[in-house]
């Protein structure tokens, strides 16, 4: 329920109401605004009803949250969530490009690619130390050593780090190295992992699952927020359809649809979203045009020898060209390339 | 087969070769270029082989057309096809917006909407006189009377007309009224209709089917070209996926993918592609950003009372806003709003 | 609306009510049952309301037809439709297997395959004279000559004929040769063709489209019934999904779902539904087990040299084995192999 | 690689070869057969090549394993895997029905339902103590208390227990209570969990993911076998498609397709696979008809008050009817109801 207090409600009265809500076992939320205070009460509707908040002298209105997702919804939280990242922030006016190789391969590969994306203008470096691979016989990432290399590369070049975590046992280690912790598409409904990430103090980048409806994605994010971490970034990365010419179907319409319904920032991953290098530039521009807050782009210093995803990784010169195009396009859209 | 002639081949020799190709029952194509003449021979590979063209003194090379679609492929026809439309043309530098109501309803509705889209800057008026409806009990369009109203409205306002044909018996009548004849998604593989449209002298707007792979769409276009009509415009209008929040999944990555492989222009229909009015503007900008040659947009003078598709039709003021945004964005992309 | 008359209503009163319904422009239906007479009134609900049938002395109840499809629904027509076919009938206790090659190729191929399916126990011979092919360069069928060969083969061997029609211009010719006229998946929403088939006196076999929801299929059937032809057989033949190992995803659950909601018979095509010869037998048994009224199976005297669909066609000996298994299984399911 | 030894190879020579394979870091497999000994070498093809096994005097042939999955493939392991379960076994001649409520709700509900499925003839009791729910606000299961109740109910009634594990931290506890440990569709590519389950001594029931291709499912199983646990049971439970009338699309053709390529048993879950109670019986029969090794069926003593999935749970009397039908059908298919 969304409980809007009357304009002149003293803060003690708000506190007392919050305490009453909490006592019943409901989750109580406090959202002070410029002109009015809004409280939230999440849980069984019948329990909320017993509180008879409508008749409370300081309560202006009590309305249900219509969406199945609550903390994630704009109904409760109308303003955009903005998440600081290095010299910029995701979710505000800046359009943030996070880039890097699919996987940490070697120190040289990583350093060269990190330099390339830094030069191109990326705000953060992304690479995988833990790689979710369909086959157990494919390269699974360097693990802790890869994390070490990655955070060193980030420090050297002066870029924050984004990297994926695949299991609860690794959450602390990954969070110690990463500035943003990524959850991959295959783990979008690994609810135990989501809950664990809801209890850490780092932003979470949550990628949409292959077959996840938009509502599923928002409810997955709700798992993280419900545990107390409201620093969640969503990422559209293509869904599985009958089309075979392109690896996935990039569902860009999901971007404005989601941004109208949730306050969380939304990135687009045109690399996994298409699987084809030549489609990364046009789909990056399209993502910017339809309101995405940034991109996750695979770049490799030499895609021809990449250990994974080479066919969708940009060459450094292509990344530079992409950034130049974005830099020209974004001001027309009221955004600024971070 | 693509038969490239040597630079100094006399035209009589080219003609003689074309005649030899035709005599075998193969389809012969003549594509004179600036610096070289290219001939095409479509049909059974074994028949082509018997001609032993490689050893002909004027032949520089004989190479297979790798794509399953031939006339539609850039392999045979590297330059963009540009199709004149009113004061502009589709497929060149201009970005063309075709707009109008879902259906011809009443003379007043049509005239008011035609005026609105003309004022907004549309290059053509689109409305349906024949409506393919899932249920036989839904409004099926006014038929010939609707065509009459539509062409009168177009003439009055000074806009060319785009409208759908659903069966061969109506092709001549529709072609008499329309400047561009549309084939709807449900008829994309109505091969008899495609063949009939391959024999008329009007451009064809071919919409992608709900479950059509890109290759299916290009082969459907090939049916039209194979009959002699090379004025074909393709249209991405959303595919069917598991997502239910949005009516269809607009596959924008198909646009640059198709444009790299075929010389035909590609439009995007963000109205059917999303089914949600608020998504039309962002997805229109995204379509422009990823290289579409124009849009097909539903506009209604009063969407609240539209007989069909009201929830995805723009209000005239929204259409004006869309055109203003496109006008600002397109020059950055090297295009111009027609 | 479903208008149930009181038990003792004289037939003149029923006729008078039907006339009143017709006069308003509604479609009036007369469904006399063993114990009660039911009338139907199809059209605008507001027009039905004006008739105030509830208060008529002979009317027991007036209830809306809840399904969007009306004539096709069991609400209006609770008993199974049974369609005679040769020595048997589709939709009753008999399980009918219709078999034959994908296409009419040569007189010898057709005759040999016809003999094989007759010996195996098929109740009808199916083959295509008009072939809907994704590419215009694939074999398109022998057309009228193929029809001629097919009906001769059927007459010789003593089997009724099932064959596809692709356009309105061919409907009369195809109907003159065929005992059942098939509409292919790509034409499921070719509404003009459906309407034309609604006006002929032959049963129609309507195949589900690649991306057709069950409701779309039933509404497509409604187009045929609404024109007056109530001899419609539905056919599940696989839908398009993300799975690539198997050509289509055979949606067998659609069979009991549809049979609960409509009185029309439902066949299954395991050949197109899987595209893999070795899956035809198990999926045929599964189709029988979940309540299908029969099968459409591709058989070729020599699949290795078939001009199309060879990889999914059964060898005659495999067809015999399938029929033997069906013959053993069906009695357990309360059915009988026709 | 599949290394087939000559018929008279002494076992010391086989051991020596296995040792040589292991020394290079390859995974060595020993598969003694009735008439020949087969060795496997899994890993980099180039490393295998260096061993030059073809020229070894006891080696008859060295052939690559063509499938991307290896241990799971029939190429390496042609005979069916049979997994004991209570008084029966999964994967042999017996058709095994595992049944129970979606979730452990209360001791009374569980006991009543356990009794019902035991009476009906189920070979194991299945219920969830940990429930993967799309929303964090839905009932998540009773956790350890639910496990306790479940194993008590199983012991009382004399049925083995099947229950789901959602995270690595719970693996030991769940394995202590369960006879078969289930991995749900959402966790099919939770590779860390799969690896952990590869190290326990209990059979694993692996459900196909919503958007998992068959190859993805088999590679997920390969993760478990690669860690040493070869007791894996696969389960088809419906995939996500555009159809909305039915909750999922049950891909029954996957059953014979998978069984031809892998030696692992395959169950079908018609309850989640359709989401509609009335479809459970026909689809259960269809699953048996196309070669499934058994079923996972939701039964509830009173579905109308079930805390989750009530609309797809069978009433006890319906379960009895299903078992009776299966009992009659299976002998015709060469199977026996366990």
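Order as written gives the chain letters A, B, C and D; numbering starts at 1 within each chain.
What we mean here is this: a residue touches a chain if its C-beta (ideal position, glycine included) is under 8 Å from a C-beta of that chain, and two chains touch if they have at least 3 such contacts.
It should be emphasised that the depicted structure is a prediction, and the values quoted were computed from it without experimental measurement.
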{"item": "Neighbouring chains shared between chain A and chain D, ordered by label", "value": "B, C"}
{"item": "Chain whose mean Cα position lies farthest from chain D", "value": "B"}
{"item": "Chain pair, A-C or A-B, that carries the greater number of C-beta contacts", "value": "A-B"}
{"item": "Separation of chain A from chain C, taking each centre as the mean of its C-alpha atoms, in whole Å", "value": "49"}
{"item": "Separation of mean Cα positions, chain B and chain A [Å, integer]", "value": "37"}
{"item": "Residues within chain A bordering two or more other chains", "value": "211, 215, 239-242, 244"}
{"item": "Chain C residues touching chain B - in the complex, by the definition given at the top", "value": "42-43, 68-70, 132-137, 166-169, 186-187, 189-193, 209-211, 215-216, 219, 222-223, 226, 239-240"}
{"item": "Chain B to chain D touching residues, read off their complex", "value": "211, 240-242, 244"}
{"item": "Chain B to chain A touching residues, read off their complex", "value": "211, 213-215, 239, 241-246, 249-257, 260, 273-274, 276, 278-279, 282-283, 285-291, 328-329, 332-333"}
